[in-house]
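You will see two complexes here that share chain A, one where it goes with chain B and one where it goes with chain C.
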Partner chain A sequence: MEEYQRLSLIDPQRVANLPTPDKLFLFLSCTGSIEYPGTERAVRIVGEKLGIEFVESVDQTCCTGYMLTCNAVNPQLALASTSRNLSIPQEMGLDVGVFCNGCYGYLRELAHLLHSNPAFKEVGDKANEALGREKFRGHLKIYHVQELWYKQLEKLTSLVKRPLTGLKIAAHYGCHYLANKDVAIDDAQYPTFHEEIYKALGATPVVYKERRACCGYSVGRGFTHREETVLPHITNKMLSAAAAGVQLMTTTCPGCNTALDREQKTITARGNAVSIPVIDLSQLIAFALGAPVEQLGFKANTTPVLPVLERFIK
Partner chain B sequence: MLNEGVLVIGGGVAGMQAAIDIAASGREVALVDKDKSLGGHVKEYGALFPDLTVGSTLVKQKAQIIKENSKITVMLGTEVDKLQQADGTIIASFLSSGNPKEQIFTAAVIATGFDNFNGKKYGEYGYGRYPGVITGIDFEHQEEAILKRPIKTAVFIKCVGSRDRSKGMPYCSKICCMYTAKQALELKKAQPKAQVYVFYMDIRSNFKNGEEFVRGAMENQHVKYIRGRVGKVIPTNGRLLIRAEDTLMGVPLELEADLVVLATAMVPSQSTNSLVSQVGGKLDTNGFILPIPMAESENPMSLTKGIFYAGACGFPCDVKDALNQGSAAAAGVLGYLQSNRGAAK
Partner chain C sequence: MKREQASDWSLEFEKAIATSGLADDISRCISCGKCTGVCPVAAISPSYNPRQIIREVLLGNYERIVQSEEIWRCFWCANCAATCPSEIKYPLLMLYIRYFSMSHGAGKKHVDPFIRFVTKARQEAVTFQPGKPARLDEIRALRSSLGLSPLRIVSDDGIREYQKLFEITGTDEWLKNYQETPEVPINLSYLEGRILVQDDSNSGSEREA
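And then the complex of A and B:
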């Protein structure tokens, strides 16, 4: 691991430019809140420990990204929804914290389109006008919580209550955060900042062969591809993690988490027994910071999580 | 002392050739380089395509001519800090081990060359991380040691930092197709049993005998050319797993290699920018010198009044072309000193 840190491609300038906010609008993830409600809770817990207050709004709707990927909605609808969704934190005077790579990527991209193309902006403005909301001005900032956690890595380290000594953890970074190459803090093809976080929590980072392979979520569980296309891909990924001795995997995207966790049942049923619990990075941090385990929602996981974490609970 | 002399900035092959040709007319030349020795990048190169002259031999031969010519003063470990034009003269400020010094010249040649693209910018290839991944430049520097390594399979990846707009590098570095073919050939000659693959986007071997050279690598030495990009290099079982696509066959492919060589691009030298802008010259969007339109300049290497350029500071070029440009710039200097400057006086 020493070697990976030394050769890190993390952009120190971008990390330095990240804020340490007191208050952020928490953009809720549909997949996150439905599939793994513990993730949202974990984000709040970590935020609280770091002095970040998250506020939400019942008015917020889906980021529309998944629907857009699958060509299930008219892009105009996505523009109008984004304009409306982002007018909510704008009215509150807050920047946005996101805990799903998908929401992050789509919000940024759609906000950019709204901000830079007058015709698109008009679509959003009309929607907000009809709903009695402010026009979206495009100046607010959108952050993924994983980068905000990394920004305060030293503080996180000092807050660890359950050092995860000896736990072999591997990262699945997902595509839609790192693909934002103009803003992401690490290299899309060889990221290492999650491994640094594991180390800070006392765990042992493990690099496995297929660490940069996609989770297959939007093609496998969506409308676009059939099981036989995506299952061999995920099987390959999870078996390579198992071969590297991975005991736990983390994600920063509920979509990835769903694919990698839920599909293990199918992978096993097709003859490749695999059992590697997959949880969100925020859940892992919250756990290491001593959060009550019943608040982290591990019961929602298909692949049991507690067997690998039990020994750290006093 | 040298106030009727000509300044040549950059002691690579282009600058050396310019100095030699200018001095041959009997004029004084100051040849300046920030490095501790002459020869720029080429002094560390092995065989150069297409006639396989060894880079260091070429540099030694040029350096010998310079040494024997009393008209050329070589100033090593010296940087040109300021360059100004005034009344038909050129005033240069030098920084040599921290001591500033000013000198007046009649004309100047900028031959500040290029830098090598940082291969680490492609995280997917793991340069700087995986011991078996090197750049084409590393190959040149450590050729002897590399050719002695036991290699079952070697993979060359072209266009690393060339023709990739996502890395802000839209241009073709021109020489990589040829040096890759040359390196593949050398490997194949040293280790005939090794499997050697070259992944390419297009083969741009448009130099004299270039096409024949590359064909020779394919047909006589059985270097395998595959059209397609390598997506990832993954260390596996002590070797390097290559994931790529063969775009002619339309299939993804995997192979294991012991050596991966990245044909990294040529990027503008850091020092070119400040010098060129100080004398009112311009750079193109990629940071190379913006040439004056052909019909508007007396000499193809003209930059501004009394100042010429040569070599890769203008655009990536091969060694032969750098020598040609050095000579062309020298002809420009001599013509300028005979006519323009005389007329101005």
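And then the complex of A and C:
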């Protein structure tokens, strides 16, 4: 047993409580659709292999969480749009699958505020009423796809077509999943379930010092405090991964992916050469399950991905 | 040099936060400092100290908070909230404090860069859709090759409904007020746990680098 497994704090009860759905509403992410469309494709590919059908809606808008947390709109807009967006799967009678930690965290937090504060609930209800939509009743479940993948780890293992033998992979979990400590399946300070997924895919998980450090990009500090704090922070993180011999990093949030992938260019230009491809966990799983590599959209990445994956493509 | 006045302090501040419905009861804070220990921003800028900010709020030192540069540094990673033994949701407190500061005309330079995203999102109901035609073509080509729609498009009904939300939640008016409020220059900043006060005649050399 490896060190990281001895320290595992995964909550077996919460994992047991997760469903194995056959149909889910797929909540689309703006950053995902624009920066890394391959993520959305990969989520569908993995879903298909596990027998999960994803339904989307062209009526679903941005979750509005980013603009809220940048203080660029008032909270009522974010509450109303959460209420409206969640009324769509509610009308379909479906639970929600999300593949962006940002959307996941904001939807959960705002749904909680709508549910627990009568004044906020009124904002949401009034909005839905004015739009002729159902009131949001707050009973539907919101899952991040990464936990649904982990739930069916055995099945995933049996489906592996390209064992990633010898590939040193490291995790970036993303804060807005782990911070939901009332529902997250793993410990916020020492999560290990991504490492278990890498092992199931045949790869070698690597634990690096700044593994739990955030991406620095949420709430727009990448625009306002880039030089002052964000760049030094990402530089520390990526250098610590490089020192641990990491060959590939995965995220579960297109926002984190943007920060960690795109900023490597600047970090390298400033004298700290670093080149660690960063992809979504769903893209990694889809790749190991044998999905055609052109379908995974690695062209969108700034730090080239194919050099480390090439040897697994027959 | 401007000095702090006892009259700047107000216990109404904590009450205002409590009634906002955003942050929970922060008087539960036991000042253990775990939030600061796990904070990635504090690791880089020691003058940023979540424990101290909670303290200032509880003591009612709102003038200092409103004008502080520090409150705009938070990454919102929520590591503090995940580790807090008193279950304080610090990021939501920070969100509220920033609104409070804005209502006093401070911090506009940290919000202005995002107004263009809001203007665009209001038109398209999607955030971050680039404006440059070359970049849009790149995205179209990649998405089409993956069998996805060329761009993430929200239906006309969806966009109309989203715009209506801007009206009925008062966001349009809120944005108008925001844009019309002149920026009040910030003239306080923390230095390693202490406070420096400067007036306009000062060149700013006392500011933390």
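Everything below uses one rule, namely that the second predicted complex is superposed on the first by the 306 of 314 C-alpha atoms of A that agree within 3 Å, B and C clash if a C-alpha of one lies under 4 Å from a C-alpha of the other, contacts with A are read in each partner's own complex, and residues count from 1 in each chain.
Simple rule for what comes next: contacts are C-beta pairs under 8 Å (C-beta built on N, C-alpha and C of every residue); 3 or more make two chains touch, one makes a residue touch a chain.
Here the structure is a predicted model, which means the values were calculated and not measured.
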>> A:A127 in the overlay: touching chain B, chain C, both, or neither? Say first, second, both or neither.
In response: second
> Now for A:Q189: first (chain B), second (chain C), both, or neither, which partner does it touch?
Replying inline: both
>> Contact-wise, after the overlay, does A:L7 reach chain B, chain C, both or neither (first, second, both, neither)?
In response: first
> In the superposed arrangement, which partner chain does A:V305 touch: chain B (first), chain C (second), both, or neither?
Replying inline: neither
> Is A:K181 contacted by the first partner chain B, the second partner chain C, both or neither?
Replying inline: both
> Is A:L50 in contact with chain B, with chain C, with both, or with neither (first, second, both, neither)?
Replying inline: neither
>> Between chain B and chain C, whom does A:L110 touch in the aligned arrangement: first, second, both, or neither?
In response: neither
> Any idea whether chain B or chain C touches more of chain A?
Replying inline: C
> For chain A, what residues appear in both contact lists, the one with chain B and the one with chain C?
Replying inline: 181, 188-189, 212
> Across the complex, what residues on chain C touch chain A?
Replying inline: 21-22, 38, 40-41, 43-45, 72-79, 81-83, 91-92, 95, 98-99, 102, 107, 109-111, 113-115, 117-118, 121, 125-130, 139, 142-143, 145-148, 151-155, 157-159, 161-162, 164-166, 168-171, 174-175
>> Going by the contact rule set out above, which residues of chain A touch chain C in the complex?
In response: 28, 30-31, 33-35, 37-38, 40-41, 58-62, 64, 66-77, 79-81, 84, 105, 109, 113, 117, 119-120, 123, 126-127, 130-131, 175-176, 178-179, 181, 188-189, 212-214, 216, 218-221, 223-225, 228-230, 232-233, 294-295, 297, 299-300
> In their shared complex, at which residues does chain B touch chain A?
Replying inline: 120, 122-126, 128-129, 166, 232, 234, 236, 241
>> Per the contact definition, I'd like the list of chain A residues that touch chain B in the complex.
In response: 3-4, 7, 9, 181, 187-191, 209-210, 212
